[in-house]
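Input: structures, listed below.
Look for chain A in each of the two complexes below; its partner is chain B in the first and chain C in the second.
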Partner chain A sequence: MNSVWFLVFLPLIAFLIGISFMGIGTRIVARIQRRYGPPLIQPFIDVIKLLSKDSISYGWVFDMGVWMALAGAALVVYFVPFADNIVLSGKADVVVLMYILAIAPLGMALGTAQAKNPYASIGISRALMLMLGYDLPLVMVILGIITYTGSASFADILSAQQGGIGNWYIFRLPLFAIVYFWVMIAEMGKHPFDVLIAPSEIASGPMVEFSGKYLGYLFIYMALHYYAACALFVNFFMGGAATFIEFYLKMFSVFFVLICISAVMARTTTQRAVYMYWTKPVVLAFIGWLAYLGWRIF
Partner chain B sequence: MAECPTNMEVAKENNSILRAFADWARKNSIWLLHYCTGCGAIELPPTMTARFDMTRYGFAPMATPRQADVLLITGYLSLKTLKRVIWSYELMQAPKYVIGFGSCTMNGGHYWDSYITINRLSDYIPVDIYIAGCMPRPEAVLTGMLEIKERIKKKLPGGWLDYEKRYDWYKENQRKILSDV
Partner chain C sequence: MMLLDMIKADNLAFFFSVLTIGFFVANTIFLIFSGIKKGIVLNTILSLFLTMVLLMLYATHNIVIFFALWEMATWLTYLLANNPKKSSKYLWASLLAEFFMLIAVARTVAYGSYDIAMVAHVDPLNLIMFCLPFIVKSGILPFNFWVTDLYTGSDKRFVAYLSAIIGKLGIFGILRVFLLSPGLIPEWFIYTFIYLAGITAVWATFKAVGSEDAIESLSFSSLSQVAFIFASVLLMNKSALIGGLVHYLNHMLIKMGMFMAVVYIWAKTGTTEFKRLGDFVSKMPFSFLFFLMLGISLAGVPPMGGVISKWFMYEGFIEESKLLAVLLFFVAGVGSFLYVYRLLHSIFLGRKKPSIGLVSEMNILAILPLAASALISFLIGVYSRPFIRFAAKALGMDFSEPRTDIGFAYIGIVSAVFGALILFAVVLWLLLPKHRYVPDTEGYTAAAYLPKDIQHWDYSYNFYAPVVRLGDKFVRLFSLDWLARFWKEYIAAIGELFRGIYSGSLKLYGFYLMSVIVLVLFLKEMLK
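== the complex of A and B ==
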């Protein structure tokens, strides 16, 4: 399977997985709210429709921002192991991944800042503030995993988790798994940390001036982002996967828990979200570090 | 609407497979922008939530004119809000439709002799569908929205084509009534 065609089609496969999650996610939320919900392929229809509509640009930086978001998300997809395929591997690909995870949000910030709309600026300031909040626990967790494994390579992290469910990091490093899951909710922009999108307060924030094709590209970016976030959790904590079906089911179980939690929560404020990220998850990650150090010393 | 292209002309333009695919997508994904200054807005929450649930037909509420396909004018419009409606309508991107909601948008309704509200919305922006009633029940609202779907399916020309064609006429009407606001 590790052929040239696989390399070419990997972002497309990731997009299809992400968009299927979006469809199933809206359906689950609808069932929780006792509604019937849209068809499962509704996000796919939305993307096709958006790409067929007219669209308006605010200059070449606006265009470049959208493309940067899309390219950054596709690059992340190449660095995340897909089932048993590690496409771009190296000695320190987890460290590289931590850097390129920031490309896509920065691209979006670049594009929306050109839109000359105050709501877009508020949305971007909220997004960057939230990033400031969850980056600290995220870095603590990823450095913890790297130290525990003794290697910053996905191949080593995956091989350390082989041989039974007991070896999964979700059981060996449970505090780090909880913190990473906590961060994931904000990373994917779900309730209660969807302060940057907030349609009823700031008119969908960064997306306020995106129309037609630009919004369609952002939908594709969002689908890739969903895929990357779920796949990273599976690879870091659930031992990766040997086959595609196993990979999909593991990713979906993570997404299912996340969507069930976010469906019953209300939106917080940005300040409260940042304050919460700098207290509770950081303390949890710190306790995880202390436990690891205690295990190493004694 | 006499100067709109006829059905046959539109059908001839839209005969490619790609166009048909795009039309299928546009038919099944309609995003609404609610312009909720009138009392009709109160009928929209029941249309959206558990009992009638418009999302199962592919309708979804959107936050800004840039993202929306359908502009929903829910009730009477004063001259000041009309200005904002025209502004919002012109911000929307091309396959776009307008739904006039309740009798106030048709003939003024309760406020037909008011000095500050307009009587007929389609003099100022092209309206695709009117939903009659004061207020229309959620069933009527859903029927009106499904009618938009039916119009896309039949490839009937949308109101925005009429707006492009008779731009001067619409602008003159708008200028006439908005001159002193």
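== the complex of A and C ==
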């Protein structure tokens, strides 16, 4: 599968996976709330519709922002192992990947700022503060994985989990898996950490001034982001996957649990969310570290 | 003797000299052509003196000359800051540390050598005393108490020099001594100051995030980055050392360019407060573009140079299993996204303010140093090999480590793929249905009418209020204001005691005299 064509179409495949999750996720939430919900392909229809409409822009930084958001999100896709394909991600270093993950949000934030809408600025400020909150436990987990594996390379992390389900890090490092999952909820902007979008407070925050193809680009970015977040969990904690079907099912299982938890939560405040991430998951990750060190000693 | 020392200048001296001269030339070009007229002549002459002193400092291996030049650098910095009240903490902290350096110099000379390489051979205490001014100059905890006053109170034209060169002088000092004394540095000293540097980086990041002023925010950002480089250099790991020196170069470029833009805005508008600035991109598009590139590099986002140097430093810390340090510097790194975005948002983007009427784009000669710094920082990101070779040569290290080669290939791939994806995004955007540009008054406002006074329809004050509230206790604890207060009260109490002794009463003086005589006699009896 490591052909040039596969590499060219990898972002498209990732987009289709991500957009399918968006559709299914909306439907699951609706069913939990005893509603029927929109059709499964509604997000896909939305993207096509948005890309085919005329739109308005506020200047060249606004344009550049969406280019950066789309290219940055697609770049992440190339460096996250996809099923048995680790072509570019073979040399990927987890530390650098964490910086690559910041390109797309930075692009969106720049575009947003030129639109000058205070709701958008508040949304971006909240997103950045939330990132500062969840990155502390996230780095503790990533460092734990690197230390346990003895390498920062994805190829090594995946090979260390081969040889049976018992080798998956979700069983070997369960506390780290819980903390990572906790972080994922905020990273994907889901309840109760959807403070950056908060439609009833700040009118969808960063996206308030985007329309037409600009909003379409951001939808694609969101789909790619959903894909990358779930794929990272599968690669870090569920041993990756040998086939596409296995990869999809594992990713979907992660997304399903996440969306079910998210659907029954109410939105918290930014300060409380950041404080929570600096306390509970940090303590949990710390216990995970102690457990790991205890295991090493004894 | 000094001339002979100059001739002996090694690769490390060459590295620092090239950067210092480059900075001085660029900064002078900017000051001359940017139209900032007031006080330029005196500033430039003093900067020239300081640059010459630094060049001699880099070159010398003679411990006495090194001390004398270090002292001169401290005084010239004080003069250039041009604010005696705000620079007093810096001066006293530096002079106190230099007093210990002088003792170390005397002990080394008594040991029988004038060579800086022998400092560590005397004993560990001698080394620590000699290194104390390096720690103070870098603003590492607990010597960060002078930073706020000097950076915020200094002459604005000088802050770039302070941030890009003087603030990093301690890094040169540490390298000069440590590289010549392998195996003689006490481990507890290294580890203590690595973690103190980590806490300093987080503290400075919080200060930068909470700042409402562009110069102040950039200054604290400098302190945070200097702490990161300082810790990497202390670690004495190959990857961390190379990463540290590349980051030194990259950060010098970043701060040079960013300060130039902000100082230019200050010269034109008279303010650097975020709430009074906004939408300067419409008047200064080229300055914004270069400022953006440098900001991205500061945050460590590919394809700019920051990612390379930071990655190498993290690799070094991970190799040495200093995971707590990685955690601290990573938190500081994430914080850099916050203040970089704030700078971009509140100065160049955001809502138009009355101050915008006072600015126009810099002329081509003034913007040249800004453009050069952004482009070199970009080059470090996409083709870092010559820069890393330059740093490795300065350190006298071999350059053929496999991990390093993988690093080049990896970052090269990141840049190439990102470039291709940007191209794809632009082409697709051009092919899709058309768009039209509208003024910000025609934006969507959540079904609300825009206020008449549109400059207030803005979010640029207290931008990160929740995080500032959460980090307030931490920031106050490590600002060491409580220590300054305690010290002030302690001195006042001692003064009060002495004031009581000198009461002016002859009877009391007689009593003191009798007491002393009785005490002496008593001790004499006891010691028999």
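What we mean here is this: the second predicted complex is superposed on the first by the 294 of 298 C-alpha atoms of A that agree within 3 Å, B and C clash if a C-alpha of one lies under 4 Å from a C-alpha of the other, contacts with A are read in each partner's own complex, and residues count from 1 in each chain.
Here, contacts are C-beta pairs under 8 Å (C-beta built on N, C-alpha and C of every residue); 3 or more make two chains touch, one makes a residue touch a chain.
Since we're looking at a predicted model, the values are computed, not measured.
With both structures placed on the common chain, the touch criterion links A:207 to chain B but leaves chain C unconnected. Once the two complexes are laid over each other on the shared chain, residue contacts for A:52 go to chain B and to chain C alike. Residue by residue along chain A, chain B and chain C are tallied for touches, and C comes out ahead. Look at A:293: by the touch rule set out above, it reaches neither chain B nor chain C. When the two complexes are overlaid on their common chain A, residue A:33 makes contact with chain B while staying clear of chain C. When the two structures are aligned on the shared chain, A:257 is found in touch with neither chain B nor chain C.
Across the superposed pair, chain B and chain C both touch chain A at residues 52-56, 203, 208-209, 211-212.
Every residue of chain A that touches chain B in the complex is listed here, in rising order: 26, 30, 33-39, 42, 45-46, 48-49, 52-56, 199-200, 203-204, 207-212, 215.
Those residues of chain C that touch chain A in the complex are listed here as 209, 279, 281-282, 285, 288, 292, 296, 299-302, 307, 310-311, 314-315, 318, 321, 323, 326-327, 330-331, 334-335, 337-338, 341, 344-345, 349-351, 406, 409-411, 413-414, 417-418, 421-422, 424-426, 429, 432-440, 442-446, 457-460, 463-464, 466-467, 469-470.
Looking at the complex, you find that chain A touches chain C at residues 11, 51-61, 63, 66-68, 70-72, 74-75, 78-79, 88, 91-93, 95-96, 99-100, 102-103, 106, 109-110, 113-119, 121-122, 124-125, 128-129, 131-133, 135-136, 139-140, 143, 146-147, 152, 203, 208-209, 211-214, 216-217, 269-271, 274-275, 278.
Across the interface of their complex, chain A is touched by residues 21-22, 25-26, 28-29, 49-50, 53, 55-56, 58, 60-64, 66-67, 69, 93-95 of chain B.
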